[in-house]
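Multiple structures are listed underneath, in structure tokens.
Here subunit A shows up in two complexes: once beside subunit B, once beside subunit C.
Then we have the complex of A and B:
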């Protein structure tokens, strides 16, 4: 029974992808079964469209810029958090990550009125700012575990060994944080690339890919929409795989700081240790 | 290295109060004390991670207070090692030399020599998380010592190791100290480590130096109640000084008449007596025979703890427990729990502590 349920569940999850994928290669304009044959015509058509190409370009541009901006801002937050202690860090980190829960609608309206008051015209710039703001909490949340692991005495050790503050950052802090920063930046790219709701509020005349697909949907249901969706899907998939690869590399590079301080010396010559026990007598403690 | 009138406050909290200390070339100096006594703060001031609120720090006669940590010829072994997880053992040890701009061939030679010194010759290419606690400790030592510091600071370096390895590492530290001749400043809260390792011990309490001396001095001649209690195990009894005669005084306590050397206490002063467990002789109580007139006490054996080469007795007199320690009698344990015993000790064993 459970096994059957699992299969249905998986079918439910992946059938849309398979169906959209299939129909994006459909030779006829029909969007329903029976399937009549394979063709690339919808891809040719979509890539012929100037709107599609420019909105794809816009999306890639906004995603790149906002992940860059988020990385710089978020990494700075992480550096500050590393230097904080215990409960304060916990509280500040939670505050930094909490806006994850803000509804996109709320953020969109808030940013729209903020930009209006600042006299900033809606453009790809406002979209980039909005996406940066939207993605920062996710960025900080992704870095949380690494921040908690980071031992501030590593920087002190570097200073102690002769590194200036900048050298300590470049030779110790940054290399240790780098894989996590790259992973978080890729996540931000994916978030920005997919974002629709906030974008609708703050974008000007330039459209992004999700906006274009959405507007196509509103006009007619055209088979090119399948092709456009597949392009967006494939790009997201590439980004996610890249993030996975970055994470895997990070694990492999042994950057996770989990040395066990109470480990047993497996390579200690055992006869010496025994000799040691016989020679050093530990005075009894706690008598008075 | 010299510290002169060093004070340090964190807000209203006085972490260090008027510390004066000379650190001698080539010695092992231990900063010993309970947690919160200021020993770690003092060490961080020497390393350059904290600045004193007032006072001077001289390294080789030069004022070093304003020097950042990277400019001091002082290196540190951190409590949790703080090894760089993104570098292997070789690169960890080479870190300081690379910053100094030492040539590649020189680095290789010096790092390998240092790894040999700490007996990690074959570990150069290991990652840090592939090492045990004891091995991490050795890497941290090598990483600091390879820079040939004037002073090596060790911040509770054995606290994270288990007992067996701790004793082994103590011996290793002594050997490495002898081979390098570097001055060691060793921070610990463990009296055993301080006793085994140090040339001199700085006993600290509440931001002040309680007593400074060799481990034997601190053990045999504590100058305060705190020192007597903290450094080794002892029996403490309150008393009043009576007649003083030739440096020795009669001291009355609620349980027995004592006699011991006094230096500062005058007649009538209230004092504490410290009597070390191993100075106390036990003999079976003979009814009718009271023994000497002073430094003796009758009691009932409450508890016997056998620790291999020695035996520790808890003897009850009234509501007070006395701890007595003997080396294991070859003929077997003499006094069973419940038996009546007579305790006695020589006048020299009584340490008089003024309040």
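Then we have the complex of A and C:
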């Protein structure tokens, strides 16, 4: 019973996407069955469009810049959280998680007012700032279990064995955090690439891909929208699958350590601590 | 340096936390406070007049249009949240306790990354007057006229929002259920609990936090979404999110929009309190249960 239910659940999730995918290759402009045949004409048409190419470029640029910015901010704050205790830690963690609890609309209008007040003109820079703000809570949440179970005494042990602070960071802390950092950075890229609700308020003349698709959707029903959305979908898919593969390979190469790329973790804190210790031993052996 | 290890750790952690804290202060705390300030100001012909007054709140609270659209927004949010959580729960249950691998879980998460707009657009294609459902039903001769209520109605908004929220709700539920170990369920069964009792008295109370957060996140995201209702909701589907958005786009009244946003936020908090109290009343929340069970052995 439950198994069947899961299949229906998956069907509901994927059927609409499959339909759009199919009609993006449709040889006629009709969006209804019967399906008349396959063609690439809508893709040719969309890639011929200057607006499409520039908004695709803008989206890739913004997603790269905001995942870079989020990784720098998120990683430093994660390293700080590892060392913090009590109320301060609580306050820092809460502030970093807070934007997640607010609707995107609210963040969008608040940022719009702030940018206007600061005299910052709306451009791809303001979009990047907005996406960084939107994604940072997701980034920190993904790292959360790593941060909570990270044992600072591992670093101290490395220091006792004669490692400099930088060596301790490079050989102990970073290897533990790296898989999560990479996963979180990719997640941010995907979130930014798809973000529309906040972007609407903070973008200037340069549009992003979702902005462009949105304005097309408001104007007409046009088969090129199918193609444009499929390009967006495929790109997110490639990024995610690549991240998943990289993550998986790294995990396999390192140890038998198993974590899901989503931050959801099947391990007990105690298991985790032991495994992390085990993981640390190897690089330390080369220190002497 | 004459600092001991503990002091050095404090300095280091402050330095490390500084960039993100500065970022959050400038681009989160400041904008929110500014928006709050705006809501007490007035805008006259594009010039903002910074004198404190409550006109915007009074105007919003007395406008029938705001309440009607606000109701549509809350309605969208509540239906989406209820349907997403209730229908995702069995799937999450299967993934955590029955499934052998994680393939289904990853497949569901993967669909989370299919663009938001793609899904809105897909549902528009499916539900439209000449859409898949109508044209198929007409070809089969089941209906003569296209069913108009499918598209441009709150129904269209909710089904699309549910589709968008499913993976998100599932992710939160799965991570909540992973904390409820199989051992607890086995123990409850050994002690004579029925399947229903295990579900209601062990699983749901233990996964309470995850269920509440799944409900609230889907509710907030769906109720605050103004793009789906705009594209699919039709005339009856206008939500106050769209009303607020319009105040901030084109030549709108920012202070009025800010006041509307804060009132809406207040409504969201109200919903949260009602929802958690409701779970308490239904005895699905943890706490106090130990004592109650002394009187009602199962």
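The rule we apply is simple: the second predicted complex is superposed on the first by the 228 of 288 C-alpha atoms of A that agree within 3 Å, B and C clash if a C-alpha of one lies under 4 Å from a C-alpha of the other, contacts with A are read in each partner's own complex, and residues count from 1 in each chain.
We take it that contacts are C-beta pairs under 8 Å (C-beta built on N, C-alpha and C of every residue); 3 or more make two chains touch, one makes a residue touch a chain.
As the structure is a computational prediction, the values presented were derived from the model and not from experiment.
*Asks:* State whether subunit B or subunit C is in contact with more residues of subunit A in the superposed arrangement.
*Replies:* Residues of subunit A touched, subunit B against subunit C: more for C.
*Asks:* Given the touch rule stated above, what does A:112 touch, subunit B (first), subunit C (second), both, or neither?
*Replies:* second
*Asks:* Of the partners subunit B and subunit C, which touch A:153 in the superposed model: first, second, both, neither?
*Replies:* Touch partner of A:153: subunit B, not subunit C.
*Asks:* If you stack the two complexes on chain A, which partner ends up touching A:129: first (subunit B), second (subunit C), both, or neither?
*Replies:* In the superposition, A:129 touches subunit C alone.
*Asks:* Does subunit B (first) or subunit C (second) touch A:176, or do both, or does neither?
*Replies:* It touches subunit B, and subunit C stays clear.
*Asks:* Can A:161 be said to touch subunit B (first), subunit C (second), both, or neither?
*Replies:* The first partner, subunit B, only.
*Asks:* Shared contact residues on subunit A, subunit B side and subunit C side combined as an intersection?
*Replies:* 156, 260, 262, 264-266
*Asks:* Report the residues of subunit A in contact with subunit C in the complex, numbered from low to high.
*Replies:* Against subunit C, the touching part of subunit A is residues 2-3, 5-6, 9-10, 12-14, 16-17, 19-20, 23, 31-33, 72-74, 76-77, 79-81, 83-84, 92, 95-96, 98-99, 101-114, 117, 129-130, 132-133, 136, 152, 156, 190, 194, 196-197, 200-201, 210, 213-214, 217-218, 221, 225-226, 229-230, 232-233, 236-237, 240-241, 244, 260, 262, 264-266.
*Asks:* In their complex, what parts of subunit C are in touch with subunit A?
*Replies:* 5, 9-10, 12-17, 19-21, 23-24, 27-32, 34-35, 38, 87-88, 90-91, 93-95, 98-99, 102, 104-111, 113-126, 128, 130-132, 135-136, 139, 163, 166-167, 171, 174-175, 178, 220-221, 223-227, 231, 241, 244-245, 248-249, 254, 257-258, 261, 265, 268
*Asks:* Taking the touch rule as given, give the residues of subunit B at its contact with subunit A in the complex, in rising order.
*Replies:* 47-49, 68-70, 74-76, 78-86, 95-96, 99-100, 127-136, 143-144, 147, 160-165, 167-168, 170-171, 192, 195-196, 229, 232-236, 277, 305, 307, 309, 312, 323, 325
*Asks:* Going by the contact rule set out above, which residues of subunit A touch subunit B in the complex?
*Replies:* 151, 153-154, 156-164, 167, 171-172, 175-176, 253-268, 272-273, 276-277, 280-288
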